[in-house]
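The letters A, B, C and D name the chains in turn, as written, and every chain counts its residues from 1.
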């Protein structure tokens, strides 16, 4: 049997990598994907805990997370398409209209 | 165990008018008149039917007090001992007093609704009118069904609102708008006192619920505060009475009522004669136990009532606007009611309230019919000789006049008689009150018959060609007839007193007033004689008034002018209503205006409030100027900020795990 | 020896995999032949008939051609993805076969229970859907990596189309799942084995249950056809618009991979249809009719005889030799199954026999549609998927649940 | 070194590798592919933990829908190689440092709290996978019925939002 800690550690690592990508990437789509990565890492932790504690709530939460991720992807990608249409660029650093 | 559904669902009675009001007010704008008024009539009629059923069940159940708590409205639960520190629930109650008021309000209200469908038929804002009228019904029913002062106050303010809206119904007319405002403001003064009274009561008895309050007062048999001692009861009662003065147009707060005649006539009939203005009397009667505990308060009530009655009657003598006359007569009749309450004859007061509701509503409606017939003319000097043209109106109005003048066997006679009797029996100063009351009765019949003669007899003083007099439709005459019947038979409840029988009305109300009524100070036989004597005197004075009026306004129509000239200053004083409005303007309004213009506006508003607002805005701008520098506009930087935030959060939440010290404590 | 016995399970599984692979690929090959023949006859042509009698050896020739042709890799493609795509497509398509059970009870071989499936996960159906879901990438990535406009369009189309129809596909089987109360394909079939009055086919989901899954089947089949990019949903490879769609830039064996993948998924879908809605390996006849056990031979013998007769009349010598031989083989097998010592085999092949029969029917329907139906326009495709299939399948779910509830309440 | 552990490590390595390549791939499609790898690996881990349904959903929804959507969008926008601008000073070296710090924090937390999670590690009494799936459905539709409905609303809104956003008005 695999100790839960391993799973949690793995999820921590994945989450960290997600954060790293979140900061490191310039392409807005990639940034989006890094968010998905973080979500996945969290899901892993959820399932691990649910398995270790013998309760299924964790898995239910995973399902909810997946649903939310789906919704988020739908809207987010819609926004991305709009941005790409308007600004002809996917580089977040070129999207600086918020500047004073 | 029979069930009493209507009593269980007492809230339906007030709810129906509210629904009607909401429906009409929100949707009625586009609807044709007949739909609007069928909604309004349906609501009122249904609630009248429900009220009847409720009363039937009340009698069937044979209870003295039916009290239903529907939901907690305001409440401060007592966490320590359980229960409530303060509770003002939506509780409705029903006792004999409520029964009387309920019948009067719903019944007369329904009749007046019917009347209005005819009267307002050609007015604009039809839906608005009925929406307001239903709203008024709702609040009035809340007021009389309420089982605690707070809920009662809701109704109290609500009827004030409705009255304001309806007085200013023709809000394009400045006078109407001003009258509305005046009524509202003057009422505020009274309400101020009312609220203080409530606070004081709560502070003393820790409850504003009628049942709890009165029973506690009755049980702890508090000492009755003698004349001149200003204990809790006295102060509370005087404060409550202040509110009552405002609502019921007593001295010195009566000024709004005559102006309130700017509203449509049905409104004057319903609100400013039959129901709302009697709310003050109702409150005083409702809190009879409190008043009974303070002689001072009673005396004040009696004196103010008596004074108002006399005062208003004198003004009424010289008014020429038909509705103004009726308005002053209303004020003076209200004075009668307070006089009754003041001498401790609460049931007599309520009795007069009921009969007055009948004949005064009738008078106003008839007056409305006259105005309708005259095509909007309100000045009696421009009328005359209408008796032949509008027979029904004339007949009903005559009945009402006889009733108010106190001619037996009509309603007014009995109620006024019992008031005067109780005043007479009141030990200590009772006779003076009686004297004034009697003289007022004479004046009453005088100005009322003056109205009749000027309006219906003599030669036409209007232009035949412009005004073509026409009888009103039956939707208006029907209510008149019904009310006429009521004002004939309405008083017979008390008839037996004449031959020493029991006064059914008093007997009926005794559960409410039993412990507050003052017993006649002497034996029955003597009382019997006095009864007859006083009745005779009253009738005589009424007839005298009639005679004088006949002599002055039919025989020598030019006399009044002469008299007026002969006692010039008095007449002018009366004509100008004792200059009360002017005095108020000089003493109160002027200084207030000055204060608000020079202090509240120029200093408080402009300097302090606006200054604060602008200052805040300025500060916000400064802060923004500084903080916007962090907004580099670069999304990646924001991402980093998010990361920083995450770090902080984790550091905070998981500190126990991250602390080096806790290495050992893990597991 | 003890090594064998120790790892018997694994070895058996490996053998089964190899066997299944072989069968599937062969069936694929001959499916192409079958398709071409049927379509040809529908269009009153002869179809392939050069290579071998009735063109029976055509598939082999095609295979050889695929293997031997030059494998051209266009310039400017994204190498890694370009190679990955066909592998992905084929791999996933073949994997999906693994969870399909072909028969009810195990065959005993050398004292080992050999089940007629490779894996029987408790969530078999979900696994299938998962594989189908991943199948998109094969097409989409192929389209993208080719670095050429037609494939890109094809890839776009396929990904959009597959996402759209996956919903209907998944929703349409929910009814079946509700009735079987399980994801496991075997259990789903067993749930259909309690027909009314013992008449086999009345137990099938499409006819029986609280709510016959006719709607469900309709949605499932249409969506499945769309998922397999077949006519009338073959927009990703609409040769009349996009040259060859997503595999325009693919040649020789990579192209073959896509080809095989497509036909394999056709087979998978047919299996699913028959398992989910047509009672899988259950016979349509009442169990009381024992003679149905001999149906295989009763079919094989006449078929064999006919082939012999046909072979004798065949033009080419080759055919004159091969066809009668084939016929005799069929006939002999059929006869053999009738012989008492070998009859027990009938028992084993009943399940596979019926399942394959049903699969064949569906494959024929596939080909039939290709022969008859025109291609959808893209907007029509989307509208059809979102505005018809999805609502209908949702309605199906609701109705089924409702009727199940009705039945469950006594 | 038992079988599950081996599987775990294989999948874990796969996942981490995928995540790393997500970071270091220049082209969004490659990033997407590596993310898909991560997701499949995670699905394998779920299977390993006996969460079959979640695994299936992970692949169907994440792998089959969301990531397809990503790929679709990338293809639609014809996104090219990622250009390396360094306009944001903060997101350069300090940002990466901070991200690593965050990772460290989380890792430290996990490490410190290891004991607490280890206590009950593995003795999860989730009986047979199918019944687990059944329990899961019971939980979703009984205990979590309300949030579930909320999510359905969320999906609906998301659909509308996507339509509104992607609708080119002209």
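A few points about this structure:
Keep this in mind: a contact is a pair of C-beta atoms (placed from the backbone, for glycine too) under 8 Å apart; a residue touches a chain by one contact, two chains touch by 3 or more.
For clarity, every value in this text was computed on a predicted model and none was experimentally measured.
Annotation: A-D is the more contact-rich of the chain pairs A-D and C-D, by number of C-beta pairs in contact. The distance from the centre of subunit A to the centre of subunit D, each centre being the mean of the chain's C-alpha atoms, comes to 6 Å. In terms of their C-alpha centroids, the spacing between subunit C and subunit D amounts to 32 Å. Between the Cα centres of subunit B and subunit D there is a gap of 71 Å. Centre-to-centre separation of subunit A and subunit B, using mean CA positions: 68 Å. The set of subunit A residues that touch two or more partner chains comprises 19, 22-23, 26, 93, 96.
Counting partner chains per residue, subunit C has no residue touching two or more of them.
Within subunit D, residues 53, 57, 65, 69, 74, 76, 87-88, 91, 95, 98-99, 102, 106, 109, 114 each touch two or more of the remaining chains.
Touching chain pairs in this entry, ordered by label, are A-B, A-D, B-D, C-D.
The residues of subunit A lying in touch with subunit D in their complex are 1-10, 12-27, 29-30, 32-34, 36-37, 40, 43-44, 47-54, 56-57, 59-60, 62-64, 66-75, 77-82, 84-85, 90-91, 93-94, 96. For subunit D in complex with subunit A, the residues that touch the partner chain are 2, 4-5, 8, 12, 15-16, 19-20, 22-23, 28, 31-32, 35, 38-39, 42, 45-46, 48-51, 53-54, 57-58, 61-62, 65-66, 69-70, 73-74, 76-77, 79, 82-88, 91, 95-96, 98-100, 102-104, 106-107, 109-111, 114, 117-118, 120-126, 132, 135-136, 139-140, 143-144, 147-148, 151, 154-155, 157-159, 161-162, 164-166, 168.
Residues 19, 22-23, 26, 28, 31, 92-93, 95-100 of subunit A are the ones that touch subunit B when the two sit in their complex.
Put simply, subunit B touches subunit A in their complex at residues 628-629, 631-636, 639-640, 642-643, 646.
If you check the complex, the residues on subunit C that touch subunit D are 78, 80-81, 84, 121-123, 126-127, 129-130, 132-134, 136-137, 140-141, 143-144, 152, 155-156, 159-160, 162-163, 166, 170, 182-184.
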